[in-house]
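First chain A sits with chain B, and in the next complex the same chain sits with chain C.
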Partner chain A sequence: MCEAGKKTPVLEAKQVTKRFPAAHGQTLTACENVTLSLYAGQTLGIVGESGGGKSTFLRLLVGLEQPDSGEVLYQGTKISGLKGKALRDARRHIQMVFQDPSEAFHPRMKVRDIICEPLLNYHIIRRQEVPEKAVELLRMVELPEEFAGRYPKDLSGGQRQRVGIARALALEPDVLLCDEATSALDVAVQKSIIELLVRLQREKNIAIAFVCHDLALVRQLSHRTAVMYLGHVVELMDGRDVAARSLHPYTRAMLGSVFDLNMDFTKEIPVLKGETPGPLHVPEGCPFRDRCGFVRKECAGHMPPLEEKEKNHFCACFAV
Partner chain B sequence: MKRVSRFIRNHKAFTVFFCLALLLVAVACFPSLFASQDPLKAVMTDAAQAPSQQHWFGTDKLGRDLYSRVIYGTRISLLTSFALVGIVSVLGTALGILAGYSGRAAAAVIMRLSDMMMAFPGLVLAIAIAGIMGAGTANAVFAVAAVTWPKYARLSRSLVLKIKDRDFVAAARLDGSGTLYILRKYMLQLSLPSILVTAAADIGKMMLEMAALSFLGFGAQPPAPEWGLMMNEARTYLQTAPWMMIFPGAAMFLTVAVFNMLGDCLRDLITPEEE
Partner chain C sequence: MTAKQVGKRILQIVVVLFGISFLTFSLMYLAPGDPVRAMYASAGSVPDDAVIEQTRKELGLDRPFLAQYGSWLAGVFRGDMGTSLALKKPVAAVMSARLWPTLKLALFSLFLVVVFSFPLGMLTAVHHNKAADYIVRFLTFIGNALPGFWVALILMYFFALKLGWLPVMSTGTGFSDLVLPSVTLAVSMTAVYTRQVRAAVLEELHRGYVWGGRLRGLKKNNILWRHVLKNAMLPLVTLLGLSFGSLLGGTAVVEVIFSYPGLGSMAVQAVANRDYPLIQGYVLWIALIYMVINLLVDISYEYLNPGTKERLRG
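Then we have the complex of A and B:
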């Protein structure tokens, strides 16, 4: 949606909805009518609280889950609903970095075999070429070559996440999905991983979707930022607008809970009222209305549409 | 060499039981090297003799040398129990992994089938099978296998269910791994330690089970030198010629103990490595 019309998106989700059956006949709504696009060389940040459907959205994009309605398009071709070989071929261009680097690898595979597994799977290299290719990939993510013979459990969190990035980029994908890829790391390591991602994006012109609950981080990194609340995209704006110009009450409330060295500590810290109702009990109408300070009568009626309130700035709220 | 000696020093119990098990396997493979006489040669004039210089363990009611029969019995016991454990662990694990990884329909069919087989008492089924197909070692193996595989199916299924939703399996699917490759490299390889531990612990159990069937007359048939069968034959002579019962029983006890201890050591060896 950034520079709409000039570019076609690499990966596009159109009105994707995903619900899961839950206990006692309830339904868990993970994504509701989500429409988002990824462009080559750009980063889309997706923020929101836990349970907001961010991770499910990524799993839908990559075909680990299938949407109940709506579709996912890669280079204009529908890839949701594909199976078997077709799905495997489509996936090759869309790769993912997982949240927990201690969970993302076969515990008994060496780093060398982990990062070359995709290349072997698609018969891009032969088994004899693994050591050589592994060194090349390790160099790309700035890890020493001797890590090739180690097991993931012998690496630190940040090193593991680099291995995860190496694996995801081994196939030279067009799209890289990062599911809270830095949340499990400490701040200094976070920063180095982000720098690595930014550099690789610049070199390879990859589209990145970066799911995160750290607003400050997303603000630095992303060209566009989507804010999700209980499965809905409630705001979509340019990355740098997040702090200064965000419109939706939810985004503003989240910003209020970002701590900063320069903040005025004499003022009362605004706290988001109440708990998230949770994806099992998404209220009718606007999902945020229970906690919103600007709630109106029509909020209970139906979900406000995502409208362009300013140039390139979309917001789903009646009060804005 | 250095690594071997370090391993031996760190795992003394395992090494001891492993060597004993190897010895038993050697006895089973080459009984003629250990036995002093033909286990089937009946010399009626020597019937029911007490242990002596010539017959270390005495003789049975047909005058056969008990020591040689006990030695040859190792072969039957080890062979049947190894075959049994092999069959049930391979079959059960394959079905369990399939049930765990594939969709609901396949899982329902396999797991209901295994519930059904588990509900059967092994001995009763063996008696039924012996009634239909005749008594014999192969049929006894078949009967025990039929009621034992569900244990492995359940174990491997539960392991697969735990593994399959973890991130690294999703990652494997994303990087283009085929289903067969995932089943082999991820599901099988990661559940193998637990399966192996169970299988090792089961060897002794299977041995007892086969001997029990033979004792009841549904397994090995005379004149085979099988421990269970020998104990049954000795039953009536318990008061007059107790050695006929004692030696096969002791052989059984020692063999089962060695394999059980080996299984225990193997478990201690493998489990901490898990995480």
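Then we have the complex of A and C:
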């Protein structure tokens, strides 16, 4: 990620803000001034608690939601604000893998039809070519050929998620967005799915955004990691730095909740005090200040800017 | 549904029909008014008491209640539903002549309801909280609030009297005689269904498969008409079946206003004439049709939603 500055990102969000109207005239801020980039062959991990705006951010990237301000660029061209055919064409290059593989498929479609559906939708292959293409895609995700004729309900969770990946990659996209793609799977299966994603990324030079709330998992596969808190990116750093060199109090607090075999179990586990204020009642200034142990006077005044504290390591905190 | 379940339901229908026939028979027995006097009154004569007594004996109306019910029931099993007191014709023949016009009326109304409410409901759901949504919702509000007899008179005034396109009074049961009564029946139902369709489609639009499909490059209209509509239809099919049943039984007012020769106007006349056998036959028929439609709806539901079938099979 060191040369990242020189390369053009495949997909880029520039100062994207998205608010939703909520009941009683309140607004829900899902994303606030988010600027993140995805590069070919690299993975951006996005971590944070529930309600942090991670999923909304992915939806903004694929154009399911339109940003209130800011823009989304694909290969340097603005794709936010597109409609109809133009949006549909742009989407071809950005595909998604979903959280729950038991909900993501039409229960009465066979695996071969599921994974080839995007190709038929975009008229890339003809219906006669489905069986052949399906086998090729199944092989890509390391599933046996005979799965082509099965229904999703006949597969295990991990196998289904492989089908989900095959479907997402059928269109040969440049960008793959994984919305908690492993959180519905057990740990051993998680590992094999991650390995598959890493291999496919290497082979196809795909940019991956991997949304997850498991810091340890994100650390394993991401080149860069963004930490989101109530719609704000509070820290952005190289993937392997997450454990050793994270700076933001929120990231450090989250790391405290990651369990490790070698950890000292006699020590009390530090727990984040207080509830997330919730995206409806985001306090003025830094959204984390109510729960932060390093809170200062200026934290109440305004949101600290995301600044480069170390090389390629950005953090939005006055106390750092 | 298995054959056994269907058989069970048919048995239920028979039991309910027994109950209904007994109930209507006893209600009519207890109701004030004398069928024999009414019969002569409708023929324009005022006979003396001896003649009335004589006729009553001939018709078997002097016998005890249970004996009357028993012989009527025995007749029904023989396929004889009795003879209309006022019309002097077999009840079965009178009704079968009136059944088809009412069926036509109900079917055409239902057709109008579906043809208008589904596209309108989809439109309002897709343009949720936009101008089109507000306009259509306002119209459905009004449509639902209009009483049927008033709509009938307004339609009659404009399309029959002012424009002369359609007959004021039905002279038969042809298409031109059918239009105004059907539209009258369809107005408020279309309003209700537009809202139902809107709610059902709106709920479906928020499901993951909708935006999942769009991500995979399915066209918006394709998702809307092939997937969303199909899923939204499920709860509506039951409702439509019930509505068809209530249409068959609820055409009376409209039939009388347009003097349309259907079951409804027949029933109103029968009540006015205290024509017990005819009323009895009518009630029985409507109950039967209503329950058979319900059964058919339940069976069709399963074909539309394979999920219920799987759940039943466990």
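Convention: the second predicted complex is superposed on the first by the 316 of 320 C-alpha atoms of A that agree within 3 Å, B and C clash if a C-alpha of one lies under 4 Å from a C-alpha of the other, contacts with A are read in each partner's own complex, and residues count from 1 in each chain.
We adopt the following convention: a residue touches a chain if its C-beta (ideal position, glycine included) is under 8 Å from a C-beta of that chain, and two chains touch if they have at least 3 such contacts.
Quick caveat: nothing in here was measured; it's all calculated off a predicted structure.
Q: Could you classify chain B and chain C on chain A, in the superposed arrangement, as clash or fit?
A: After superposition on chain A, which the two structures share, chain B runs into chain C.
Q: Is A:Phe318 touching the first partner chain B, the second partner chain C, both, or neither of them?
A: Touch status of A:Phe318: no partner.
Q: Using the superposition on chain A described above, determine whether A:Arg92 touches chain B (first), chain C (second), both, or neither.
A: After superposition on chain A, A:Arg92 lies in contact with both partners, chain B and chain C.
Q: Which partner, once the models are overlaid, touches more of chain A's residues, chain C or chain B?
A: The partner with more contacted residues on chain A is B.
Q: Looking at the overlay, does A:Tyr122 come into contact with chain B only (first), chain C only (second), both, or neither?
A: In the superposed model, A:Tyr122 contacts both chain B and chain C.
Q: Run through 9-17, 45-53 or 63-71 for chain B and report the one that clashes with chain C in the overlay.
A: Of the stretches 9-17, 45-53 or 63-71 of chain B, only 9-17 runs into chain C after superposition.
Q: Under the contact definition given at the top, report the residues of chain A touching chain B in one complex and chain C in the other.
A: After superposing on chain A, chain A residues 59, 62, 64, 88, 91-92, 95-96, 98, 103-104, 106, 108, 117-118, 121-122, 167, 171 contact both chain B and chain C.
Q: Applying the document's contact rule, which stretches of chain C touch chain A when the two form their complex?
A: Touching chain A: residues 208-209, 211-212, 214-219, 306 of chain C.
Q: Hey, which residues of chain A end up touching chain B in the complex?
A: 59, 62, 64, 88, 91-92, 95-96, 98-100, 103-108, 117-118, 121-122, 164, 167-168, 170-171
Q: Would you mind writing out the residues of chain A in touch with chain C in their complex?
A: 59, 62, 64, 88, 91-92, 95-96, 98, 103-104, 106, 108, 117-118, 121-122, 167, 171
Q: Within the complex, which stretch of chain B touches chain A?
A: Result: residues 166-168, 170-178, 181, 185-186, 189-190 of chain B touch chain A.
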